[in-house]
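Okay, so chain A shows up in both of these, paired with chain B first and chain C after.
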Partner chain A sequence: MLGEGILKGLAETAKNFAGSYVSKERLTTVQYPEERVAPIEATRNFPFLVYDGEDAFAGLRCVSCQICEKECPPKCIYIEKSKDKKPDYVGKPQNYPVRFDIDISVCMSCQICVEVCPFEAIKMDTVFELATDDRFGGLLLDREKLSKSNEYYHTIHPTEATEVDARLAEEKAKVEAKAKAAAEAAAAKAAAAPPAPPAAKPEAPKPTGGAE
Partner chain B sequence: MSASATRQEGWSKAPAIVDYGEGELLEVSMGPHHPSTHGVFRMDVTLQGEQITKLKPVFGYLHRNHEKLGEGQSYLASMPYTDRLDYICSLTNNWAYALAVEKLVGQEVPERAEYLRVIVGELTRVQNHALSVGFLIQDMGASGTPLMYAFKEREKILDLFESLTGSRMMCNYMRFGGCRVDATPAWLDEVRRVVAGLPKFADEFERLLCTNEILMARTQGVGVLPAELAMSAGVTGPMLRASGVNYDIRKVDHYGIYDRFDFKVPLGSHGDVYDRFMIRLLELRESIKILEQALRDIPDGPVMDPKAKIRNFRPKPGEAYGRIEAPKGELGFYLISDGSGNPYRYRVRPPSFVNLTVLEDMCLGHNVADVVLILGSVDIVLGEVDR
Partner chain C sequence: MIEKADQIFVLLLHWLVGFLPEAWQHVASVVVCVAVIVAVYPALFAVAVLMERKGLGRMQNRYGPNRVGPFGVLQPVADGIKSLTKEDIVPRNADAAVHFIAPLVLVVAVFMGLAVLPMGRNMVLVEMDASLLFFFAMGASTELSVFMAGWSSRNKYSLLGAMRAVAQMISYEVPLLLSTVGVVMITGSLSLVDIVDAQTRYSWGLAHWNVFKPWGLAGFVMFVIASMAETNRSPFDLPEGESEIIAGYFTEYSGFKFALFFLGEYVGMFSIAGLGTTLFLGGWSSPLAALSWIPSWIWFFAKVELWICFFIWVRGTLPRLRQDQLMNFAWKFLLPMTLVNLLVAAEWRFVEGVWLRWIVGMAIVAGAYVLMGRVGMRRERLGPRSYRYAE
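Moving on, here comes the complex of A and B:
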């Protein structure tokens, strides 16, 4: 019969229409600003810089090695290296970024900066409501705007942040054990040969908080 | 009478009306901003009444220097750009590029990563075919409903992509020597749940469309592509198979681990728009079969070869061509290395660009309304055509 196929198709749409009143899973949309779907943990949007502890500057993990700047495909990162040094999370003196700018109007959220960073300093954020009427200044994020605490990192990517913390703690323990062994060896050497000049002691780790 | 001669007559005739000696012909520029062109694509058509006598595809509106960019940056940095070629199926683009680079350096891929690639690749094929059928019906004038049915299913798959790779469309998931992150057991269970629901969706979609008289009247016998022409023009993918040529790179090359799966290659016999539409629905079902097998057999293990390098990746001088059966056809990447960190030559062989070359042959003699449909059945993505 001509028109049978059309009727069959219409029955399908009618079923879905009527079904949407009784079955919750047929309703696939939400009313966005009022209702929101649950965030997905692996989501990524734009990068941010992680710092440990309370102070955004003292705890900043970035040592300004500029690998992310070099590897970034659209070249949206700009870093100025410092002349002086500050202690990092294991207490080793390291450079820090005097300027760290990310132009998020250029960034394409590819996560390559996160993959190449050897210091776990740059991670992906999940915020997406970033609309602004300031086209140039509003989308150029500087170091202050980019720095976010490790606690914040834990709230957005809990699984990943825990893994990162474990890795950093392990590294820190290794460095501390090495420093301790070196100090002991120096002390033993000093005890064995009293007139020897004092051995250069490695710098003691300074408390920078976090990473435990 | 030439075009300039008609213009001298003043405003009595539009300048686009020309006479080649067979009566008056009208030149119409379809696109680049036309809802049926799936992006910014222009067709210069010459009409005699309603019939097409000439058609010239004009592309390049979305050209963004993809190949030259690839030659100026590291091998890894091109990976996120491949997402943006065919933005509907970014994961198969990743796969083809990773395959080409792995061939270039002789890199092995762990077992689990191969299975993950098959799973995400076939999920990509499912959502691409559902979407292309939805858009084809949309081009026919069924505004919305079938497309929204396809989008509803695609959304579930995109959610899976997001929870695995972090992004819905620009996945940037594969690396040379494996995949970037491992899938959790919870993710695999979620995939099993979605895949279990896919046959129901395919049934629903078929009941909704396949026997529809309007669809059959509009598509059967329209835009016929003969098998000889398809082969000589280098057409690949569902379009070639709809013309009855048994050629699927998954079966021909057995790239990855495709020789382990039991699946069929659906073939058409007429090569018209209806066959191309049906081929996509049938391939969707075959993809579900592959997914079920891959999800059953996926082993444990690493997803990345520990010897693979992320930074300072410098292949030895040489060349390689890696190709896969992308949802739209043969997607290939050709790379020449000169031993430095950047490829010396980086070339993409995009399926929808090559498939577009036969557009005029399929359209000649048909009406303007059919051109929209025939273009829809080619299944193009302008990000890939223009690069």
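Moving on, here comes the complex of A and C:
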């Protein structure tokens, strides 16, 4: 009959109205500034730079290769490469970024910079309370603001960070094994043939390779 | 004591006016009454808006405003300050004069309607013999302001909204008026004071409200529906359907003019609810003789608030109608039903015997309802859609 559906609908809304006062499960609202939900592990919004150890500058993984800068679709990353070098986590001398700026008013959180980084240096952050009254300076994050420790990375994305650590450790072990093998070979060679020129030869390409 | 509480505002007015010389007293009492009405209804408007936002929130299983003040009760104050401090923008191509006048016309027309509503025993600003006619005349002039707003904005959404509003309000004016005719027929008076007085009689402790009679019940239901359409409330909110035409006729209004439209709409709701209360729910009279000690003005405002609550409830329940459904409903269902209802009212007047006229009246109403619902509201069977050019 005409009007039946209206009565059914009115009953439904009345049930919801009364129920919202009775059962807490109905009200799914989280009253944000006072209550908050723990972010899920895959949360991401803006990138940050990871550093190992205590010192943000010494441990910075970024070698200023500028791949992320080139790949960034909205071009929100700006990098200035250093003239000098500092050792990276395996002890190899590498460039570092003198300036590393991300304009988060431009960033679209696509994570492409993270995907392309060969050094596991840039990762996605979960911080979202970035509101500021300075819309230019306040939203332009520089290297100091972007640098965050590996421990912090572990707290926000534990699974991912453990994988990254394992990968880096493997890499380091490989490099160390190689260096050890090279050292052993050099020692063996040195033991076999006393003349200096052949022993110096494997050393020579290394610095040139690093300078490129 | 009970008498004093019932007449407190009347006595207060007499006391206040008593300070003035005799010649001024009449003018002064009118001014005071107008000032009170102009102050009370916006206050009720604030309460209604808060109730609406909280109530709708609860119906949708959320809190609603809860930040300003304890439980968000100061939200209307914040809203008021916001709309007062907002920039008032007039489109460059708008007809500035008409654009300015439109919200004022709406608010004035809406408040004029309140002048004839008896809000309590002896509490009516203007006692008029044809107050019902006056009320509808004022209610109809809100259409003018709506069209003024839509036309002067020079915006296609505004104009569309205004066209829709005018079409809808004129269509629903007919059943709105006809649903009240039964009351006039039985009471024999167009004066709202007389209509309330006729309902303030009790037999077996129960009031003789018009809604307790077959023609009154049918008239009441149709009046509620038509009044929703008349005040552009959901589900008849096509003129301001925000998902289709932004805000309809007040798209181009901002700041305090927007607030005036908002106010006008809500006071319009109050006035139509007050009229419905007066016509069908016994105005300021109590439903039971045993409850007559509660002051009459409390009854009136409680009924109006209840009516508003029902409007909010319906708004939380029903989706917006389509234009053709809206028109079909008005012309194919409400109009014939109101005409049948006149027959029922006549039958009630002339058939002898309490039970017989009840049975006959209810039978006619129920039969017409079922028939009209089946035939008039039948879904049109549309064949497969054919395209002439797009195939």
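Worth a mention:
Everything that follows uses one rule, which is that the second predicted complex is superposed on the first by the 191 of 212 C-alpha atoms of A that agree within 3 Å, B and C clash if a C-alpha of one lies under 4 Å from a C-alpha of the other, contacts with A are read in each partner's own complex, and residues count from 1 in each chain.
Simple rule for what comes next: contacts are C-beta pairs under 8 Å (C-beta built on N, C-alpha and C of every residue); 3 or more make two chains touch, one makes a residue touch a chain.
Bear in mind that the values here come from a model prediction, so they are computed numbers and not experimental data.
Taken together through their common chain A, the two structures put chain B and chain C in a clash. Contact with chain C, but none with chain B, is seen for A:L27 once the two complexes are overlaid on the shared chain. Contacts of A:P39 after superposition on the shared chain: neither chain B nor chain C is touched.
In the superposition on chain A, A:F17 makes contact with chain C only, not with chain B.
More residues of chain A are in touch with B than with the other of chain B and chain C.
When the two structures are aligned on the shared chain, A:G3 is found in touch with chain B and with chain C. Residue contacts after overlaying the shared chain place A:E71 against chain B, while chain C stays out of touching range. Applying the stated contact rule after C-alpha superposition, one finds that A:P158 touches neither chain B nor chain C. Common to the chain B and chain C contact sets on chain A are residues 2-3, 6, 9, 12-13, 28. Residue ranges of chain A in contact with chain B, taken from their complex: 2-6, 8-9, 12-13, 28, 40-44, 67, 71-73, 108-112, 115-116, 124.
Within the complex, the chain B residues that touch chain A are 73-74, 76-81, 145, 152, 155, 159, 162-167, 170, 172, 180-181, 204, 207-216, 310-311. Residues of chain C that touch chain A in their complex: 55, 58-63, 66, 313-314, 316-318, 333, 369-370, 372-374, 377. Note for the complex: chain A touches chain C at residues 1-3, 6, 9-10, 12-14, 16-17, 19-21, 26-29, 31.
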